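Just so it is clear, A, B, C and D label the chains in written order, and each chain counts residues from 1 on its own.
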Amino acid sequence: MEVTIDRASFVVEYGSPLSLADAKAVMQAAEEFARERGWPMVIAVVDSACHLQLLQRMDQAQLGSIGVSRQKAETAVAFRRPTAVFQDALGQGGSHLRLLAMDNLMPLEGGLPLLRNGAVIGGIGVSGMQSDQDAQVAMAGAAALRDR
Amino acid sequence: MEVTIDRASFVVEYGSPLSLADAKAVMQAAEEFARERGWPMVIAVVDSACHLQLLQRMDQAQLGSIGVSRQKAETAVAFRRPTAVFQDALGQGGSHLRLLAMDNLMPLEGGLPLLRNGAVIGGIGVSGMQSDQDAQVAMAGAAALRDR
Amino acid sequence: MEVTIDRASFVVEYGSPLSLADAKAVMQAAEEFARERGWPMVIAVVDSACHLQLLQRMDQAQLGSIGVSRQKAETAVAFRRPTAVFQDALGQGGSHLRLLAMDNLMPLEGGLPLLRNGAVIGGIGVSGMQSDQDAQVAMAGAAALRDR
Amino acid sequence: MEVTIDRASFVVEYGSPLSLADAKAVMQAAEEFARERGWPMVIAVVDSACHLQLLQRMDQAQLGSIGVSRQKAETAVAFRRPTAVFQDALGQGGSHLRLLAMDNLMPLEGGLPLLRNGAVIGGIGVSGMQSDQDAQVAMAGAAALRDR
């Protein structure tokens, strides 16, 4: 089965950046989700221009995740797609390996664009456990924004 | 079928750098081609010494393409070949993976040398959509130079 | 006489980013101003989040100005002030020398925020001649935006 | 009058790192202090090993402060002193200018070590207004830790 890069995602536009209050709502939801499961995570929220808005490291989260969480969030905004798309593409091998040459793209699951009215207003990146767990926390954070 | 790296390309020489007027002609053709198709692109033109001559980001182009477009143009001049050659080589795997170790080589389709009288006078790099679409825009830009 | 950092400038807010059409108008005015005087310049325009929108190097502009023009534009947006403010402060010596430690601040005249309705929508940075000439070109570019 | 670098500060030891709960208490106090004054700040808290624990950008804080706030916090822990010490030293000129050669030292007021039982357990860095205002916010944050 071939991974299909969602062509619809190309029409997503950048919108106005999220507010700090938005970012706090995303962070709180993500942190609660992680805490309930005992997952020590680093969670980063960037605005619609890839600039850091809020970053939080939970106690005992692995130090290597500080940079990775931020890079996942930046990637999700810079390319307006979940970072899982790139992880899946890489998994197919062949010329997809070219993704490894890009120094501004982190092909690890756990980064998601944050959307409002169909526009990208920011991104969340999570790192600290297995990447599918990272992704679950990112989704919990992103869901909080949809309710605001 | 094996990808053949065109060894003939090694005899291409560097010529005098393109002028800003040349770069503007390339940019205009590339931008028009992209605009007609509704493709939001970042387009970079470098001279025969890899130095940036002109860079333009269309509205709503993905932010991650600013760096990538420039790196594609630089690669096309630095190695005097279309960047697609490197993407194809990478796709063959094996020792071709060594390309990933080169920090001044971007193995993504969409970068082309700009030629005049058989010599490299600059390069164009395009990023923003699928890489084959990027390559089409780069070709439209390069064609404009051939008519000057 | 003491240099006064304009405290009013702190209340300037970031607005929506300029469009490519805006950036082209700024660039055209700046280029014409420079061309009439025979000044070979590099001119960079960034958006309200410091991301490059348009960069143009005139024929025979010094190569060192590619990076500097961009850094001036980024500084003007990142700190929402003309870069001349920092050049003047540095000139006073003493603890103002601390500015030299900041790796994201270029204290050279020739960078200006671009304003619309009192909000920062981008920045222009010019480099290539003496910094007061750079600043004149930047002002010519910024003026074009005020008429749109 | 000569600035005296407090040599007593050299005997301060590193203690166990602060917790995320500690960092949140520091952040909340600092944010409230800034918000009451209408100062849009970026506030960073690092642990006793200089690693980022919590970073928050208030709405409309200048973008250039994201990096600077973090660097101030790191400096305060890396050298176990308020960053104002280095700003003052720099102001004396002479061989103090050597501080500018250090790429891991940000000599701008607004960074403070966070202490518990006389040991450094983290640091706070604030950027966004004049550096003396930044320092006031940092002190408000540090005070919150003393009450815990």
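Criterion: a residue touches a chain if its C-beta (ideal position, glycine included) is under 8 Å from a C-beta of that chain, and two chains touch if they have at least 3 such contacts.
Chain by chain, the UniProt names read as follows: A, B, C, D = GlcG protein.
These numbers were taken from a predicted model, which means no experiment stands behind them.
A comparison of the A-C and A-D interfaces places the larger number of contacting C-beta pairs at A-D. The rotation relating chain A (GlcG protein) to chain B (GlcG protein), fitted on Cα atoms, amounts to 90°, rounded to the nearest 5.
Chain A (GlcG protein) and chain D (GlcG protein) have Cα centroids lying 29 Å from one another.
Centre-to-centre, using mean CA coordinates, chain A (GlcG protein) is 33 Å away from chain C (GlcG protein). Residue positions of chain A (GlcG protein) with contacts to 2 or more other chains are 49-51.
A complete list of chain pairs in contact reads A-B, A-C, A-D, B-C, C-D. Of all residues in chain B (GlcG protein), only 19-20, 51-59, 63, 66 touch chain C (GlcG protein) in the complex they form. By the touch criterion given at the top, residues 5, 10, 13-14, 49-50, 75, 77-80, 93-95, 97-98, 100-105 of chain A (GlcG protein) touch chain B (GlcG protein) in their complex. Those residues of chain B (GlcG protein) that touch chain A (GlcG protein) in the shared complex are 60, 62-64, 67-68, 87-88, 90-91, 93, 97, 99-100, 103, 105-108, 129-130. Residues of chain A (GlcG protein) touching chain C (GlcG protein) in their complex: 16-17, 47-51.
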